[in-house]
Amino acid sequence: MEPIFEQFVRDLTGGFQVPFWAPMLVSLGLVLAFIALNAMFMIWLERKICGRIQRRMGPMLTGPKAWARFSMWTGGWFQTPCDSVKLLLKEDIIPAQVDRFGFMLAPVLVFMAALAVYVPLPISSTSYAQSAPIVVAVADLDIGLLYVVAITTLTILAILTAGWASNNKYSLLGGMRAGVQILSYEIPMLFALMGPMVLAGSLSLGDLVLVQHAGLFGVPLLGWFLVPSFLGAVVYLICAVAETNRPPFDMPEAEQELVAGFSTEYTAMRFAMFYLAEFSNTFVVCMIFTAVFLGGWTLPGFIPPSSLNLGFFTLPYFDLLAGMAIFFAKAYAVVLLLMWIRWTFPRLRPDHLMTFGWKFLLPLSFVNLLVCIVLAAIQQIYFGGNPG
Amino acid sequence: MMRQFPANPDLTVEEFELNMGPQHPSTHGVLRLVLTMDGERVVRCKPVVGYLHRSIEKMAENRTYTQVIPVTDRLDYCTSMTSNYVYVMAVEDLADITVPPRAEYIRVIMSELNRIASHLLWYGTFALEVGATTPFIYGFRDREKVLDLFESTCGARLLYNYLRIGGVSRDLPEDFCERMLAFLDEWEPLIREYEDLLDENPIFYNRTKKVGFLSAEKALAYGVSGPNLRASGMARDVRREHPYAVYPELEFDVPVRTEGDVFARYRIRMEELRQSARILRQCAEKLPGGPYLEPQPLRMVLPEGETYVHLESPRGDIGCYLVSQGTDKPYRCKFRTPSFCHIAVFQHLVRDCLIPDIMAICASFDVVLPETDR
Amino acid sequence: MIYDPNPVAFWLLAAMVAGCALAVVRARKLFHAGLALVGTLFAVAGLYGLLQAWFLAAVQVLVYAGAIAIMLLFAIMLTHNMMNPDLKSLTTQPWTAAALCLMLLAILLGGTLSSTWQTAPDTTLSPTWTPKCGFQVAEAIPSVQALGFRLLDPFTLPFEMVSVLILVSLIGALVVARRNPALPEAPEGREEKAP
Amino acid sequence: MSPDEFLPILQARFPQVEFRLDPLNPQALIMSASGVPEVFGWLRDAPEAAMQYLEFSTAVDSPPDCLCVVYSLYSYTHRHRLALKVDLPRHAPTIPTLSHLWENADWNEREIYDLFGVFFSGHEDLRRLMMPEDWEGHPLRKDYSHPNLTPRPD
């Protein structure tokens, strides 16, 4: 973010040096706006997809009538904005017997985690006026993947706090379930991500994408870590669904069992923050999957020009825009996959979930790590150097 | 309450009470389960009912025989037809009224259609309780088509008030049989679709197999009946044991399974859907002409006496114990309802289960609270 | 290049560390104390991040603020009377504690003031690493690589010994925690046997 | 077996208990309260009766002085039904419980206790089932009155 932003402002104003805090503020604003708008879109999409799977229309009535007449996919566009307004205007209730400090802290914490996790996510790259491509991210951290995993633990903390502070048995059970579930699934998830880390020789998400673009054994598409680390991709996706508490792993808020789990006592904006964070996390998971396993913003053999000449107008930063388009297209493909899973599977039972995680996913991720190490060694010996 | 681990006497755990219901998303109405929990494991369970008690039996004592029929609708809103049926059957038995054959066939058609509607509703909610959302919509979508048939017959979609003492309130619409057969042709392949949504899924297997095991002995002692009893290995069906109406003339199988778990109860109901369709096809073929009602006086007076009749409702063995003292009103009208017995079984079944199992078990018994509380 | 951390961020984080640490000691409810501890650990991670020690920061969050703090909160939730605000603090020897704390402070200050600090990053240990993308990484100390090379080059033996030690302790814990087979098992009949 | 076939067997087996046929109900026998629960235990366990199934039990209030508890038993083995009616004094109706024979009896008896005020001695958990715990009176008795209860106009 920082270099791109500075460069952009310099270009625009003719050499103005931005203060050091400006990129931070701008990226914060962008991420916040993205979370809100994207969550709204995802909720709408989820309803439509769910409707399609269940052979119905989904929301059709809110918004201009003409849109609804045009197609099923254009009807009900205003449903989620309306819902958001409703949530904003609802009465904020803090029940008398709750632990106020924890009760108020929890939604903030969970949202903080959802916000912070966006920092190392690379969405595109540009080589504008540079020889080497610059990764577009808030900050392409050296330890990107580790950072992401570390930040997610904060979510457990928040959910545990919410469950405990609500002073409600269902909430507490939900919080406990969430704690156990996220903690246990973090381990196979980390091991599943280790395969790509070994293959790329880096923890930076930007590096991971660039290495995938370079390809494995000199073959471009083979470089998508989905191929060499297929087991890891599967394990990661399952763990990621579990970490975001989405069905079929939504034990912490299982409606049929625990009413609404840890968020039972929450209303209005506080509830909206949990909800928003959940959808944001879902998308983050898909973005990570895209960056780590699906080659991020790149397509094999496709290097977009840094600017596109449209004849009458030269579009600058074309590679940046094309990369973003590719990246989000891939991420949304993963989102669709998750939605498909969500609306067709029954919910697991907590003890089965634990068995599945510890006795199946963890060994599987070890196998994946082994495969990746062997492949990385082959690459190093026969094709020269670290894949990265 | 403190409990000690036998293996390690130094370790004690504290049990806590969890009030599940009467307002809870999956207690199917207003059932309350007072659970004593050890973490997520149930130590004891006490079902509390009565939140929907509308004193139907008391109301019946203050109404004429005909006026009671709409009250029986409210016994079980999922299968009003069979609740109507058991009551009018009791009255007809006491008054010694012979029902015209066409009316008998119409009644059987209606109760089988209602069985389909009720099982579809059950399928949807049961799947919802184990966490699958989509089957719910599928079940409800096709239930609507059955309700359309009911609506064209008696004008109501939920509380029909269709049966009368001596017959039914009005004849079937002219094209009813064609529409019913068209529905069956379209719908029967869909049963396979319902099963596909759940059957092949390992998550569903793990959630339902070997969960909530009910032995045949316990089932009998608790008075369990209907599909739930048949899932425990007892081939008992009132339609077979004490055939009423035209059931002796119809061919159908009574599905039985021996596992006695949630999965068996699910499979039994899926099979029953097929059998109901089979019965309906035969009825459409054999439906005779003639009158649909043996008219009775509006304020009929029954001779002194008492009777107990029962029949097979989608939930099980529903009965009516009717006492007449020679007046125009029932002296005592007791409904023996299957859900009443099924809820009592929970306290036995959910012991040592996890919370998600409670949901699966409760849902698998297909209890309807208004029927329990009456 | 010598990295110059932002003083505003530093003071904010330092204040958070101190404030949360104080809250750990002063909080009336045990759960709040636990939460405050997480705050402290998290702010310390922030300080590491400020010093561009990203790996250390991430591990601090992952291990301390994440796993250990959550274990701690689980344990706190199991304690009796945890919500009682009238609980007296368990400090029965405040003066001894104060003296010990002052001694610790003195030792830390002495160590800090007398040490010669290495100000330039030691990049000689990662000769093969070349930054590929972005200036951020190029300017920062490649901490993961450096750590990896250190662990697997000069310190391989201690590293492996530590892992063996941890493995042994893990197995030991399992052995200790295992149920004594001589004692009767807890009744665990989840399903009834069909008669 | 029908009630008139049961009658001689029961009379021979339980001479101290009084049995007679019910003129109103062809499925029923009237017996005296002294036979509960022994007769029921025999009916459940004897191979010729094999009444595994207590379909329901209820009561019928017939003022001024009689309250009749009705048990309906059913045998899946022989497919026969027998209703047993026990007349109790209305002012103090007490009868031994059957809840140790059929689990089903537990709730049925609670319901009868709740709505008719029959006291089942030996029942472990005799509480109201349908009505709220603090309800007064037994609604299904014929002389029950409540301020909200008005006769239905004809």
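For this structure, a couple of remarks:
We just call them A, B, C and D in the order they show up, numbering each chain from 1.
In this section, a contact is a pair of C-beta atoms (placed from the backbone, for glycine too) under 8 Å apart; a residue touches a chain by one contact, two chains touch by 3 or more.
Bear in mind that the values here come from a model prediction, so they are computed numbers and not experimental data.
Listed by label, the chains that touch subunit B and also subunit C are A. Farthest from subunit C in terms of Cα centroid separation is D.
The interface with the largest number of contacting C-beta pairs joins chains A-C. Computed centre separation for the pair subunit B/subunit D is 25 angstrom, with centres defined by C-alpha atoms.
Centroid to centroid, with C-alpha atoms defining each point, subunit A and subunit D lie 65 Å apart. Subunit A and subunit C, compared by their mean Cα positions, are separated by 26 Å. Separating the centre of subunit A from that of subunit B, both taken as means of CA atoms, is a distance of 46 Å. Counting only residues that touch two or more partner chains, subunit B has 218. Listed in rising order, the residues of subunit A touching subunit B in the complex are 50, 53-56, 169-170, 173, 177, 247-248, 250-251, 254-259, 343-352. The part of subunit D that touches subunit B in the complex is made up of residues 24-25, 27-28, 52-56, 58, 60-61, 70, 72, 76, 79, 81, 83, 102-104, 106-107, 115, 128-132, 139-140, 151-152. Against subunit D, in their complex, subunit B makes its touches with residues 49-50, 53, 55, 57-58, 62-63, 218, 220-223, 234, 236, 241-242, 304-308, 310, 317, 319, 321, 323, 331-332, 334, 336, 340-341, 344, 348, 373-374.
Residues of subunit A touching subunit C in their complex: 2-3, 20, 99, 101-102, 105, 125, 132-135, 139-143, 146-147, 149-151, 153-154, 156-157, 160-161, 164-165, 176, 179, 183, 202-204, 206-207, 210, 386, 388. Within the complex formed with subunit A, the residues of subunit C that make contact are 6, 29, 31-32, 35, 38, 42, 54-55, 58-59, 61-62, 65-67, 69-70, 73-74, 77, 83, 128, 132-137, 140, 142-144.
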